[in-house]
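Following are the structures in question.
Look for chain A in each of the two complexes below; its partner is chain B in the first and chain C in the second.
Entry: the complex of A and B
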């Protein structure tokens, strides 16, 4: 019997996984793919694609799917090309990227704090980013572009929340409570700035405060695209260690994981992704709560559903924006309001569902 | 004191030693200048009253606490010189209270024990599979391999956690009160598993609060009080009425178990 037959690849992989050999069996070089996670990601990707096509087709002017896709690439009726390329494609891209970034940031933060409620929106990052971005729009302080200011705001909010909590603590509760306070303070600052500014300036800053994909700037979108790519690469690098960080700290350290380093890495990615997403879409923080929840339900418990969360967040954002545009057309409902209406019951469900813990 | 000329070096007889170990929480000293060596391939039980520092000692041995002074040597090398994964391949720790991600099965939990042997481009090998199967068998969990931890009894769940530590394939295994919250039958399951591990050539150190079980299942006993070692040696040699009174403030009658030769505590009562 040959050596290859002694260790057939299918017998080598543990239950529920595919093993991708990267070398001879003896070297052990391999990557494991979780079957259920792959199926979940495929399902979410197909649903996202369908939602994207629907988003390009539907609106005040309805366009057939074939014409919409042709229009996206500049073919077909001139009016269709204009509507799809100029009005809908940028907005769709903004929805996909910001939804993905919010949800990936949410999944990272939930995992590092070992608490499903610990999403950037709930601990005040969104509000911090919004306050600084609104300040920039209103011309308060320095004339830095809103995305950069949002990044500064999110970092400041995180630093304050961490400083007050003195670290992450058991299941992140101290961090959560401190963050809720910090978020409330930044929200108050935003309102104060809006109340004290001229009505035109306040109107210009208004979309920032509710969350909207209307009129997205090219700079903010480009920065988000780059940020999301970096975020996904970073998350993939941390994925295995993050799977272990879900265990209690002594167990994770006993398995050779440098918990502090991994948490810091995940936190930096989470703050960056949230800030860049807020700069595009405003505070649509509940996507960060619902996206990972959907992904966890579809995916397996063996790993952290980082890719699944990203896809689910993008899907949710595109669907929420589509609903906001179509439901009460021609009146447009900001995506932030839709996600809040859908997200609030999910939040209550996480808190109240019987027999389940709040850990990740 | 002179060391006999023919005595083997300590690092041969003991894989894990601490010298003049001091650990403080804030300003409160928990361990004050503790010296200890654990015998190779034997089961050591650390006993002592609540708050005597036994769990802290175990955490320090696993490098979860940084000592203010002193050093810990693993196979003769300072543990501070080990890399994180390297240490996890040499020494496994099962802390007292543990939590796992929701919904994980026994086999999936045990797979995490292979983490320190794996890397991003080496996620699963034939050896990983064989070791996980062997750990399942050692803990007698084959029939329950695909049952979620939440659906297991306390004893089964504890055996699954120990199996995860076994899958780390470390020569040294540290267990912090592995039988707390287990009833008599489940506790015995765990103790017999621990005896089997030592028989197969693992050095096991466990913190126990029950002196009776420590005498019954440990080869070597370490009695601690107020952050210091009061006595260390085989249970039949060091356990005395005086030691029991010093540790726990109780009087007792000591008898010898005719089946095992281990000391038994009878008629335990408050010291007067």
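Entry: the complex of A and C
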């Protein structure tokens, strides 16, 4: 087949999608945009924006939306500027970035394992990252910064989980239960280190263990921002191939896709994103499950909703943090607890629904 | 000629009896170690000396005797009781769900007991008197949830999926417990140390409060061991032999709730004992559930108490939460069971 035939200039987009030509019409470069996915992403982005504004406005001191946005850019009442810029903006940014990173990592791992339940949190990756980060905070490690140690921990946990799963395939539930075992062991190590350390050091490490956006470090946040940008670019590059990897390996190979390379790339992205997000927010693993779930319900089944997952994860994280701050003020509920209380029933429903499908 | 099968069962019974005796000996050694070693200043030599003096009726050093009698003795008794109870509960739950991974701590039974106690204390109940029945009630709710999940078509047939669901349920229950703790400072102070699983600081009266529940559960287990062995051959076989599977299942659930509720009430949630002890017992005793249950008693007791002794020694002068050690022992066993290619259904 000639190239002209493969990309005729007058090619019509398949139903339900737009064709976006890139460059001159005859160059044949174009991308297909799924209408429903676009609408879903737009909806999620608008909701995320609204949640962000609400998060800047609400809290111990309520600020009018207009004043909050003005305060964000340094205008208006000095008190408002201080509250918005110093207290809420960093926290909001941490929520958006970590939520997006968790959910994107979850979506990537679900796709590569072809299992909706295979999220980084469930196979013990969060706990591994937490254990190493806590070791760094307590000075047990080599003095490496917590985010870097979290990366090391997540990689170790992944290597162990996949190594153990080697003989039993990555698809089945056994893989996940092996992951639960790995996670339990790392959790025990974290608690062991906390028990051995002095009380003030243990207090410094405590936020790592429950999952909270309190006291986010600037270094971790910057690393996460860079990581998320890299992750999104990488995910965009992998998106097409990942859409095919969902099918059986034979189909993907027949279409000329190097399944091994794609899976490895997705795994590396997923591990990196999770580790950086854990370094900011602690183990809030269930965002990685619910974010892609929401995105999948909103967008069409044709592609892998990588962008949608990122937006949904960010939205969920911001809303969960806002709820934790506002609902029972002045008591602040850590975002990790909120996400577990909301996310666990969803997970149970996926698991126990009769006649269910766990494929992606 | 007709004697031959009898001889076969005799040797098996003798072997199980031998193991039982041996393991009881190990438990006794661990008990002695538990009396001798502590996190504090009173070392094993001084403890041994005090113990021998006390046994022969001579004058003893008051401090050392206090540590042994009031601190270590109740702790040892609790370790033995809790360990045996959790191990038997694990074996029962595994037999009735036909799932070698069904462990009360992993499946949310301990989580239910913990949550119930947190709620009760937050509502103003007196922690000392009400804790045991409340925990048993919570454990019963957790057990029923597990049994319901194991009857769901599809999920119940896959042993690994049930465990996944249980792990999620227990995560949910612990998150809810943490929420209750966040709201109520008094509750938090009362149960913060209990919620991580520990035997430290229990009084002899606490041990006595456990005995009725454990006694009733023990009698029930003796009653249902035979029907349970028949049930292992399948529901139809059990009905054919004149047992009622439904009733057996219900009794098992009540017994497990009593055992786990009592253990959790005094020691907090301790995971993995109910997985490791029956796993070892089955490896030694073979498939018969009655032999497994017998062997679970000393194995669970020795394992739990041994973990407790180690937890006192590794971070002296403070102590390690017991749940940490059991998780470190149990997680590899869990992975090993899952990894075995042909997951045995019980």
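One rule holds for everything that comes next: the second predicted complex is superposed on the first by the 335 of 360 C-alpha atoms of A that agree within 3 Å, B and C clash if a C-alpha of one lies under 4 Å from a C-alpha of the other, contacts with A are read in each partner's own complex, and residues count from 1 in each chain.
Here is the rule we use: a contact is a pair of C-beta atoms (placed from the backbone, for glycine too) under 8 Å apart; a residue touches a chain by one contact, two chains touch by 3 or more.
Not measured: the values here are computed from a predicted model.
Placing chain B and chain C on a common chain A by superposition gives a fit, with no clash between them. When both complexes are overlaid on chain A, the residue A:248 reaches chain B alone and has no touch with chain C.
When the shared chain is aligned, chain C comes close enough to touch A:164, but chain B does not.
Residue contacts after overlaying the shared chain place A:42 against neither chain B nor chain C. Legend: residue contacts after superposition of the two complexes on their common chain; A:347 is shown touching chain C, with no touch to chain B. Contacts of A:327 after superposition on the shared chain: neither chain B nor chain C is touched.
Shared-chain residue A:181: touches chain C; no touch with chain B. In the superposition on chain A, A:117 makes contact with chain C only, while chain B stays out of contact range. Looking at the shared chain after the overlay, A:14 reaches chain B, while chain C stays out of its contact range. In the superposed model, the angle subtended at the C-alpha centre of chain A by the C-alpha centres of chain B and chain C comes to 90 degrees, rounded to the nearest 10. Measuring only between alpha carbons, the smallest separation of chain B from chain C in this overlay is 17 Å. Common to the chain B-facing and chain C-facing surfaces of chain A are residues 356. In the complex of the two chains, the chain B residues touching chain A come out as 59, 62-64, 84-89, 92-95, 97-104, 107-108, 111-113, 115-116, 118, 120-129, 132, 146, 165, 168.
The touching residues of chain A, counted against chain B in their complex, run 7, 11-15, 17, 19, 22, 25-32, 237, 240, 243-244, 246-248, 250-251, 253-258, 301-302, 356-357, 359-360. By the touch criterion given at the top, residues 117, 122, 164, 167-168, 172-174, 176-178, 180-182, 184-185, 187-189, 191-192, 195-196, 210, 328, 331, 333, 336-337, 340-341, 344-345, 347-348, 351-352, 354-356 of chain A touch chain C in their complex. By the touch rule above, chain C contacts chain A in their complex via residues 101, 106, 149, 152-155, 158, 160-161, 163-165, 167-169, 171-172, 175-176, 178-179, 182-183, 196, 271-272, 315, 318-321, 323-325, 327-328, 330-332, 334-335, 338-339, 341, 343.
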